[in-house]
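Supplied in structure tokens, the structure appears directly below.
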């Protein structure tokens, strides 16, 4: 048996930071932690030398940290301000709330529900929202509220209002489009900036938009892919979080590409969700820094 | 939407053949098909020049084939005998029955049940057998009979008798060990030669046996893998059907290898099952020919 | 030592065929071979069910074949005509002549010259043509004629005429653009239809055209790729022969993508050349069938 | 054109450190750098929580660093001693000297020579040593001294003495076995601890020792691999630096595995050499930490 021993939730804090690069940034942050007896568990940093921007993720053990939890944010703010930092602070015992949007395809939803139920992820799923009733049975099997908001071309704005009302009710921290297949309006996106994760069934930027597998087949590609990205106003053009590929050949019909692609889509989406859950993603200039 | 149109089950016949290589083999088989107005859908052949063995898989449309279904086998036998062929004949409307053995891990079972429920596979699952009750709820969600046969070191022979009795009752065509984690006796294997599919959580032949991820971590490998194979009397030494890998690095703990490995295991096992279901596998000399 | 024993050139014939699909095609071709005591070494076929086109590659041993070599073509033509086949016949002892075009980058040229010199490929390289003198020393080391044809925006047509004159002199069977970096005119392409192999340094159709790595970096992709294709009149839009990819991340600068990409480019181009040398490629509808 | 602008050699210093983990390590090192106006270019750290060992690589710009180059080592030693660190200090303008051992196979040597000549690597190659004359012409083409030291079963100790004498003459910093195919004695290894890089043509620990492709073929694996590692006294059991794989199938003969494997071998070895050249490798407990 390889099963790990029951997960002990280690109480830790994680800082995600970016700011103009200058000398002394790492020293300032790590000194803040070590001065109060914090032990660093993970530290990763990156400098975009072209844009002169500094990125950092640091996670430290709170067990020995000599500071009240509620004091960390105001005390760190002093350092952050002096370096003009944009920053987030997360605690490991806060379980994020993830809303899921689906349509009729089940492969991504199954993969997510397995990770949720098996305890692979520390996450709550307050609601699954769909424009179709098809996945209702599956949601019910896992005891998750399922809400259907039908959408037609004419009712799209009202449907989005209904969806936003549901999100207001269930209060997710972020939204996952698990093959939702509907275009999200710019207005909707502004409610969850860099907090809507989509899976697109192509190797972006190739085949953005509709029917990517049909177009991949038409072009005779030898490899197909999937891309998970944060949703922005422009279709399939948001910051890419994760991508992966699968080899195909002339024997594969469009249906084969669809089938094979599903295996890539579900893994790519689930990896992107994991990065987001673990606060391993920073978005800058429509690109992501992934502290993997 | 990329969803394929509802699958029309094309009625076809598939021949799997191996025999000593000699001239005229392909011509003899394809002439048998074309002489009776059959249209070949797929044909693949392979010659092991070292062993001088010929392998072939051919699938043809029965719509126009001028022979009663029940006549195909006796008529083809004449050709087969003249070439000393070992062969199987399958019809596309025969839905195979697959029994599943599990222990406490759910990732492979979820992946299988998704493909079963979504219609990706044409398969029946008459029973799930386990040495633990843990997966009973999941089986129940999908309406599949679940039988628990506890196993201790002392009761292994009796437990296997009970399992064989269950298989006798549910009459599967083949058995899948979906991370079952128990060693199968030689006696058990003889009941299902080349019809028990296992998933081993390493890149065989590296790390055969127990705790492969612990050993991979100890060795400091940069890539982990999973291998699906037919079970033979020798542990983890049967014919390999499919393998795949995932990159890891020094930051990955044993628990990370276990977690990342699950994503490889479930895909590798499901691909192996698909090959078996589609009659794409020939076993020879403890190796497989995969007509992919 | 894993070195194979000295390659014995087995004398074989290879037929590449495509035609409208109908019953009896495989039987007709294999009967032609077996009737004259030919032993099939490899046979692969494919049916594009959407377009109703049949593709086939068959290679057979000439040692026992009861037909003069010069008779094969006229005799097979009778069968070919009756099925409306487009076809090619190749003999294994004909060593193809490959002209190489380069610019200033050496990675693909090194990889090609290694395979040429080590005997991995059966190929002659009558000439290397470039718009720059940079690779002349490398060509000289391998004793291959090197011709420089400078190109400016204004002299492009004349330069292409000079190149065509060189090709007329050195009589290659096909041309490889080993990172040549110049756009080939439609007129030039018509002289070598499906016989000019290019390597494009992106995962086509993403980033066709100039500076693909800069654009990949700007888009923040997590994977880069390379694509080898036959050159057609439309830039980077010809039939794809082979593609492969490499994972990158936010730490990779444009220069890193360029460097990492070179390793993919050279392998993808060399695999495509190998397919072409072995007569494993059929082009149809701007796509390739690769009999690998 | 994607070619980077001519490389400006940025003058930087790199520290590689490991020591027992404790609080304040990152702060102490980064404070040392920032206190003297050094700007950190790259910082990566890792904690082996099982062994309680801390690993770190930090590279900083010397342009603004307010300390004489020769003072850095003695000044940092004070910090290092207080934390019980094992450490190395490297400067970016020191060009490492790499000796190469070869036998009769050319693929790895070509790949290395391309990177050397094209300027991809900052490295000197003072000598190539072989037990056969075969690669002498290739070495001559690149103007590198080539020395032949024949080896028979009976003369192995003397041959190694002759090799060591050559290394004493040419004074390499490290040695690359580019498919050298001879077992190195324990005595030889002690002269270059963690400074002899080998490429083994299998996915270690599978198929350590002789004829790995033959054994991979016999086992019927679906994937082959290559592993680059530091040589230790135990055959093919040293710390793994890099691994990669390639998919194969039943159609691949042993010769095909040998041929396909070469493409993996050369890339894996060259990646391992690059990590070593860039001081990105720390060895601990027979495993590597790769600061990629």
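To keep things simple, chains are lettered A, B, C and D as they appear, and every chain counts its residues starting from 1.
In the analysis below, a residue touches a chain if its C-beta (ideal position, glycine included) is under 8 Å from a C-beta of that chain, and two chains touch if they have at least 3 such contacts.
All values derive from a computational prediction rather than experimental measurement.
> Counting one step per pair of touching chains, how few steps separate subunit A from subunit C?
1
> Given that subunit C and subunit D are copies and touch, would you call their interface same or different according to whether over half of its residue numbers are shared?
Both copies, subunit C as well as subunit D, present the same residues to each other, with over half of the numbers appearing on both sides.
> With chain centres taken as the means of their Cα atoms, state the distance from subunit A to subunit B in Å.
About 35 Å, centre to centre.
> Provide the list of subunit B residues touching at least two other chains, using ranges where the numbers run on.
none
> For subunit B, which residues count as touching subunit D in their complex?
Those residues of subunit B that touch subunit D are 46, 48-50, 55, 203-207, 219-223, 225, 239-245, 249-251, 253, 285-290, 292.
> Flag every residue of subunit C that touches subunit D in the complex, lowest number first.
1-4, 104-107, 110-111, 113-114, 117-118, 120, 141, 181, 201, 211-214, 254-255, 258-259, 261, 263, 267, 270
> Could you please specify the touching residues of subunit C with respect to subunit B in the complex?
Per the touch definition, subunit C meets subunit B at residues 21-28, 30-31, 33-35, 37-45, 47, 64, 247.
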